[in-house]
């Protein structure tokens, strides 16, 4: 099958959905003139015009706020955040408006929109350009949150997000943009929101991850296979609503659980997963749960420190070994 | 001992610290002219003048941003958020500036400031005026987060926060403001940040809570006592950094754990506590962990729905009973 | 000269707002209406004068003080009242309440508990209509206090740079909660801020419905023609406390009374139409009676409606 | 007439910025400097002209394009270079890098990776000095793009309402990353926005250090006297890509070259002082050589420094 980059996969998703539905448009900083920092918008204005691919002022509250307003008026906007780190600027629009409008107005409207949010560590971008903050949004009812780990899912989840009538935050890891992966050209790629995927079957331990840490999870699984530990790797794909069923099913089978994400470990998505299992699957467990995540500091600049900050494959392997 | 209200306790903390240190000042919306919505600033301008008790424009980024700037310039500001719900407006200032400045500048400075954030449900204030969002801040390295449950702690934690050289978020539950409690007049009240407190000893189950849900936790403990279940109730007091030691010690003793907070259960502080125990204290457990928290919806307006939304004492009792 | 029907319309809407709100105040003080309630009494001419230029396809975004806007845009009093009571027959099925009143069916896209939360949403509505090629427009109402929020700036800059059909209507009632606006706002006339966006900034007497109507008309025409936004400042005064129950220790009762007596927009309208002979005292009285009845019915409707069932907590969250 | 020492100072600082940055560009392209690097080349007259009016006790807040401000405020090149290399001898012990360069010891309170992040912080610094009763002031540098952030509005309104000693210096270099500023900014002259806050809005040729210096001097005096903020717009042009490595597909090389050749602030300064006879060619050459050596030493220092130890990850977080 043909291989395309993660960035290209998101681009195709946009193209297909913008062709399919005139109501879909995109707005964000520096997306039209040069195609986005990671090339993820390249060529869109050429096909769809500058009326549907809007470069905006540096005004994050206006980017998300106008997207919400446009959604209320029947459009299906996609708002690009440039870096997920800038979501703090428009956090009010996200959690007090976007997430609550449907509910607090008693279902009078829908808010069909997508926020694209490139996150994660990328070549020493330092404290304000390297964050993974998906856990905040897990705690906010009224939105859905997805985080693809590969080009196929990147395309399928973005297309599904654009079609969904709920507001969706699409976290895309910056370091994944150049990753290549198989994405069929012939058939339509749609990945259902709300369903985790067993990326690799196994029987001794469950590793749950998502986004870029899936690479480490799979690598760890391969390494451990050689030492006789069979790991099942679950790709969460959707962070909210979290797919409890798949999680519990896997843990029931393997009896052991490790969760890995790049975001800070404390208060991260891993905490919620561990809690779910401690509440509803405690009896399955033959060993303590392990969480692997970013250290409890801002992301430092210097490459040596950045490396020390970031969770890695060895952390996963060691975490699992400690369970036996 | 004399009894004063929670609101009065915070007022005394401010007075004492403002007398003690000229660098301490406070800024926020509508705090000077009428003393704050909950009376928590009453009379301050009279003693300290309008130069140290500043009414501000409706500009949350400016309130927190200027507080940060003033802290860098050697002052010790206290910024009032009016409602914790408005923290989304200045989330960037909180998490990208306040929390990171010391670290990303390599320790060149300190950022001694306090953000006061009234949170929680109060008489049908609805979706945008009832939230408890402390869990977000647990996930942000570089800040400390406290949440008193009674007048004594309200005073002691606020005084300690004002003296601390780190940026601190002080969540104060709106419905607690009128609560009365013993606070000695003669001695200085200081509650150490970072230490949880065993509010009631017990041996069959540990209930961890903080802020207003401590009332439900203690009430549940009393009810269960009658049925022969002895609950140990731990008041977290500080949410970040979380006091692992006290938590694990209590669970080691009781073998059972329930965590209760008003904030949405999913992705809440309870998730982190459950995860800590699943990681480091799994062997202690004789039963699954239970989390009690707000339902997964925005806070609804109608009293009947608001009541259904809010976790209560019965939820705690039932949660514990399910463990036996 | 104004059409007689339009004048009756003006009066009906203003009185509808006034009577509705007087009832709300009463009910709120009695404890029958939960939550925070902010009254619009004394500012009726603004919502009315602006909205009479709009169709149902135009959008408005409102504030925490939103009953007046909602009524002026054409919402029904009964469903509003039920919402304020927290009943399931309310516009938001009891999930919203006063601070989140809305009627999407008439283009009233919501009150907002976040001061300054509506600027960008209105701008987005305007963007959508522009993209769709209609000539519908959007209006956002906001207070003097809200003019100091960053969202004011981001929304107006974007709207002006993109020439969007949106009108920014500042209701300068001299107070932001307990704070006199001049203490925290760096300009006397908020309309001056229009200069920084290269758009018209217009000041009107907000208690004179004719001035409001005419200025809004010009702004609406401009917007419909694709010439971009206008910043319209209506000078008024907040007659009631910030919210029902406000002890109002920051100003004197006399000050308020005097401002109201000398400058009640409804009285001014009555004097105007009576002295010019455009409407008769009888015609006005008929309108008042009709509205009085309507408010009474709305209360009955609300009182006889049920609270939502506990299961409804979970509905209307996701599609 | 300018004092000779001041002129030498002007030149030294501008050349120091230029040479430092040229070296940075080279090192960054070679991959020896990690992270995003934004160059200030061509805008040197602004930071220099403004900061020569300041003392070490005054504060500045900077941007993502912060090397120039840092140097102009008096920081050392060696510690800066080490920081950019990610070494533990850097100003931030390698934790910050280019986007978070700072030297608190000279009142340089930080570059900022968040566009528009500095407005309120500077205002807070000014507030603190006012409360302490000093006559120190704060300056915040920001771009044309940043002038559309809500923080611009909230900070200037507060500073103006409270008459705080802070100066808002807009470096209008015509570009916000890949976007020409006029496409997304609703006014041609950002200084026009001053009207909306009732403060002076002043425009200068930002590539003429004398103009910048004089206008900043007036603003600084005003601030020190307690008369409040000034919005100072310096017109300039971004010579380099938005960041080192920017493919710059949104404009032509010719356009940039022409703008630089015709309007290099350093060349303009040289021509000025040479033609007026204020400084000789020899004096200028000496300064250049001295600075060249200084930059070389800074690189040596950085290259010979060590990367932070892994354990340092956990230091400098809490007190």
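By written order: A, B, C and D. Residues from 1 in each chain.
By definition in this document, a contact is a pair of C-beta atoms (placed from the backbone, for glycine too) under 8 Å apart; a residue touches a chain by one contact, two chains touch by 3 or more.
Just so it is clear, the model here is predicted, and its values are computed rather than measured.
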{"item": "Intersection of contact partners for subunit A and subunit D", "value": "B, C"}
{"item": "Centre-to-centre distance between subunit C and subunit B (centres being mean Cα positions), rounded to whole Å", "value": "36"}
{"item": "Centroid spacing, where centroids are CA-atom means, of subunit A and subunit C in whole angstrom", "value": "40"}
{"item": "Between subunit B and subunit A, distance of the C-alpha-averaged centres to the nearest whole Å", "value": "30"}
{"item": "Numbers and ranges of subunit B residues touching at least 2 other chains", "value": "56-57, 59, 61, 85-86, 89, 92-93, 96, 103-104, 126-128, 141-142, 295-298, 300-301"}
{"item": "Per-residue multi-chain contacts in subunit D, two or more chains", "value": "92, 94-96, 100, 112-114, 148-151, 154, 157-158, 161, 183-185, 317"}
{"item": "Contact graph of the chains (line, ring, star, complete, other)", "value": "complete"}
{"item": "Residue ranges of subunit C in contact with subunit B within the complex", "value": "34-36, 86-88, 92, 94-97, 99-100, 112-116, 145-146, 148-150, 176-179, 183-185, 247, 249-250, 307-310, 312-314, 317"}
{"item": "Subunit B residues touching subunit A - in the complex, by the definition given at the top", "value": "85-89, 91-96, 99-100, 103-104, 126-128, 133, 135-136, 138-142, 240, 242, 263-264, 266-272, 274-275, 277-280, 282-283, 285, 287-291, 295-298, 300-301"}
{"item": "Partner subunit C, residues of subunit B touching it in the complex", "value": "29-30, 33-34, 55-59, 61, 85-86, 89, 123-129, 295-298, 300-305, 308-309"}
{"item": "List of subunit B residues in touch with subunit D within their complex", "value": "25, 51-52, 56-57, 59-62, 64-75, 77, 92-93, 96-97, 101-110, 141-142, 144, 164-166"}
{"item": "Subunit B contact footprint on subunit D (complex, rising order)", "value": "59, 61, 90-96, 100, 102-105, 109-110, 112-114, 117, 119-129, 131-132, 138, 150-151, 154-155, 157-158, 161, 315-319"}
